[in-house]
Amino acid sequence: MLFSDVASYLKLELVGEDLELDSMNELSLSSSSQLAFATHKKYSSELSSSKAKAFLITNVLIEYLPKNSSYIICEDVSISMAQATKLFSKKPIEAGVASAKIGDNSYIDGMAKVENGAVIGSNVTILAGAYIGTNVHVGDDTIIYPNVTIYRDCVIGKECIIHSGSVIGADGFGFSHTNTGEHVKIYQNGNVIIEDCVEIGANCAIDRAVFNSTIIRKGTKMDNFIHIAHNCDIGEHSVFVAQTGVGGSTKLGRNCVVSGQSAFSDHLSIAPFSTFTARSGVTKNITESGGVYSGFPLMSHREWKRLQVRIAKLNN
Amino acid sequence: MLFSDVASYLKLELVGEDLELDSMNELSLSSSSQLAFATHKKYSSELSSSKAKAFLITNVLIEYLPKNSSYIICEDVSISMAQATKLFSKKPIEAGVASAKIGDNSYIDGMAKVENGAVIGSNVTILAGAYIGTNVHVGDDTIIYPNVTIYRDCVIGKECIIHSGSVIGADGFGFSHTNTGEHVKIYQNGNVIIEDCVEIGANCAIDRAVFNSTIIRKGTKMDNFIHIAHNCDIGEHSVFVAQTGVGGSTKLGRNCVVSGQSAFSDHLSIAPFSTFTARSGVTKNITESGGVYSGFPLMSHREWKRLQVRIAKLNN
Amino acid sequence: MLFSDVASYLKLELVGEDLELDSMNELSLSSSSQLAFATHKKYSSELSSSKAKAFLITNVLIEYLPKNSSYIICEDVSISMAQATKLFSKKPIEAGVASAKIGDNSYIDGMAKVENGAVIGSNVTILAGAYIGTNVHVGDDTIIYPNVTIYRDCVIGKECIIHSGSVIGADGFGFSHTNTGEHVKIYQNGNVIIEDCVEIGANCAIDRAVFNSTIIRKGTKMDNFIHIAHNCDIGEHSVFVAQTGVGGSTKLGRNCVVSGQSAFSDHLSIAPFSTFTARSGVTKNITESGGVYSGFPLMSHREWKRLQVRIAKLNN
């Protein structure tokens, strides 16, 4: 898509030369063929060092643009960015893609739906009512139970098990907000990558990234009702007990253990080998590996146990 | 249905003239063709002013009946009411209804099920495994992702997005309880109305009303795993973050923001522009708009932050 | 399967005579045709009195074996046991089973999938997108709503209602853990038994047992998003409000009432007629029936209310 087409769609003016753009991305990750955006002065140094050549910015950020940039000045970059994501979004399914490829010895029930462009490995089992979207890849020896949904462009590794009712790759929850209280959808143009040997319980939901990928690394095991928001990166061999949620862009190191009904805020970084007891509410980064935590607000498990004793004494 | 048929079914006596009844409703909302019921003396004034002409009541309420009422005296109105809802309930699907109507340019996958009587607008996308029940209406430009279920008689607006695994219109959770500890189902004879521009995440559940409608007003956005119980009324442009639940008949004003794992009791009224931080537990009405709340029991967010500091000091 | 085949698969030595084994089970429940295992010295007396004849044990437990036992000494019984469960596991669907039997007056939508070996009673309704696995039994007058999944070998009683998106019989969440932090799947070779007159809301998940059965007893009613882990035994006429979870092997007595977002740890025993208010977190057995509880850590509801008042005063 031409940058000038974006400008037309937004009804805003393009400054600089026109460019061919293939997608959008965050400022720090954008390549020269991607549309970047900067919403706030705190991103001025990221802006200066960006590899992108096309930007949506506010007036006050012009001076920080890399040389020879093309840009659109937006009254509200957040709204314009959201509107632009629609231009780069894909349809739920795609016409004109080659038929799905199915590997040897795979069983795909006649009542499962595999969209065109999908690539299914060998010895895969896909049961009735499962949905495999456009261009989805499923690795060898994986089992997809009935009524699982895998949205387009997601990647499932080898020897995975995905239980019924789980949804892989639905839109992450992202909106920009107008002055009048309406919410403008930020189209979620990324995908989900599930590595090898991952097991996902019943009725989980792992959302696709806004840009790039939500990643579940190899060997991780999830119980039922796990919510993983867009752009999370879940470390290898982690364990999630039922009804736990992880906010957007949060990154867990390997071998974390998360007990039931716990939750993580967005944009956190959690050290490997961290353990969280039931109903932990994690709102801050954890930098030291191997700790055991509890409570909301979160504290060390030892502290939490002592605190419960002291709280109980208030009743004396 | 004749009121005398209800009496026969309940094996109780009809007092007054027989009447043709088309449905049941709450006392305060009943019309002259609806069967009403009053379980307790506290409803005596509602009973006196009711527009209904047919009642299930207890002995002690006879004196409060409007003139010329027909009625059945029940030993346990709650149980008799529950039994009567079965008489007025509809089958999960309906035979003998006209074929579904599909608008122009709509894509309905051959592996989606659209029951008779459904009315689908134009430019609608319904993917494989989705279920559209008898008489459901779906507005223009709406996208229904795979394995969504919409029960009969529900109404979905224009430009809505409903993600996979979500269930619209399952029965609300309502039972009357016998002396011996059994639960008698109150059939849920209402529906769900979702207005325009609503987005519903993956694996949500929005229950149908017992009578009348559960309503999600325009522009509201829901993340994954949102539970909305029967007869809720969710205001325009509200936002629900993952794993949140709202109890039956609770009404939220417009532009409420509800963070993850929060919950609301039933029968609450929440002022518009209220914000609830993660894991809020709301058990009382909120009458003033624009507040920010936290905790369980709920308090202002400012109080909650101060309280957490004081609680932490107990450990010193 | 021969015990010697198990030994070969584990690459370990069989001591004693070879035996034909039909399944695995916990030590205390094993019959003479089942493979048992003992992981720790604390099980020595259970081991001595076991009816099993084939064991996976550690070196230190040899002296407690019943006379004439056959056994395999494992370096890590937990890992060997997990590996052995794979040998006894069944495929997700089974070829070579007789066609499903359908009772009179049952409606099975052409877009529902009923696997071979299933036995469906009379007057059953199974709507589009529902999945009924190999050898599943469904009792008379039961309604299975669209996009419900029932895994193989599960048993559903009469007059049950299962709402859309619910998953009955997905694998329980069980793994053994290696020294290097990997998780070895314990195959879940049991099933789920749902007795008569049970109603299960939308998007619930009731996991199959590792051995034997997860049981939901008659008349129990569940709201949406209820998680019941493997090997639970839920007493008659219990009530679960939305977003509640029960950990593995926990047993509730009859007529328990569990309010929203509550949770139970695993391996608990809860007395009948216990009531838990919203967000209860139950981590200990309850032996006295009829109590009302709140909070996490759990306490009596009366104590909890008093405690909240005292906590609030910390802010003065």
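In this document, chain identifiers A, B and C correspond to the written order of the chains, with residue numbering beginning at 1 in each.
Definition applied: a residue touches a chain if its C-beta (ideal position, glycine included) is under 8 Å from a C-beta of that chain, and two chains touch if they have at least 3 such contacts.
Just so you know, these numbers come straight off a predicted model, no measurement behind them.
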*What topology does the chain contact graph adopt: line, ring, star, complete, or other?*
complete
*Would you mind working out whether subunit A and subunit B touch using mostly the same residue numbers, over half shared, or mostly different ones?*
different
*Chain centre separation (subunit A, subunit B; CA means) in Å*: 32
*Where in subunit B do residues touch two or more other chains at once?*
111, 129, 147, 165, 203, 225, 243, 261, 311, 314
*Where on subunit A does subunit B make contact in their complex?*
92-93, 111, 113, 129, 131, 133, 147, 149, 151, 165-167, 170-171, 173, 175, 181-183, 185, 203-205, 207, 225, 227, 229, 243, 245, 247, 261, 263, 265, 281, 283, 296-297, 299, 303, 306-307, 310-311, 314
_Residues on subunit C engaged by subunit B in the complex (per definition of touch)_ = 109, 111, 125, 127-129, 143, 145-147, 161, 163-165, 199, 201-203, 219, 221, 223-225, 237, 239, 241-243, 254-255, 260-261, 278-279, 308, 311-312, 314-315
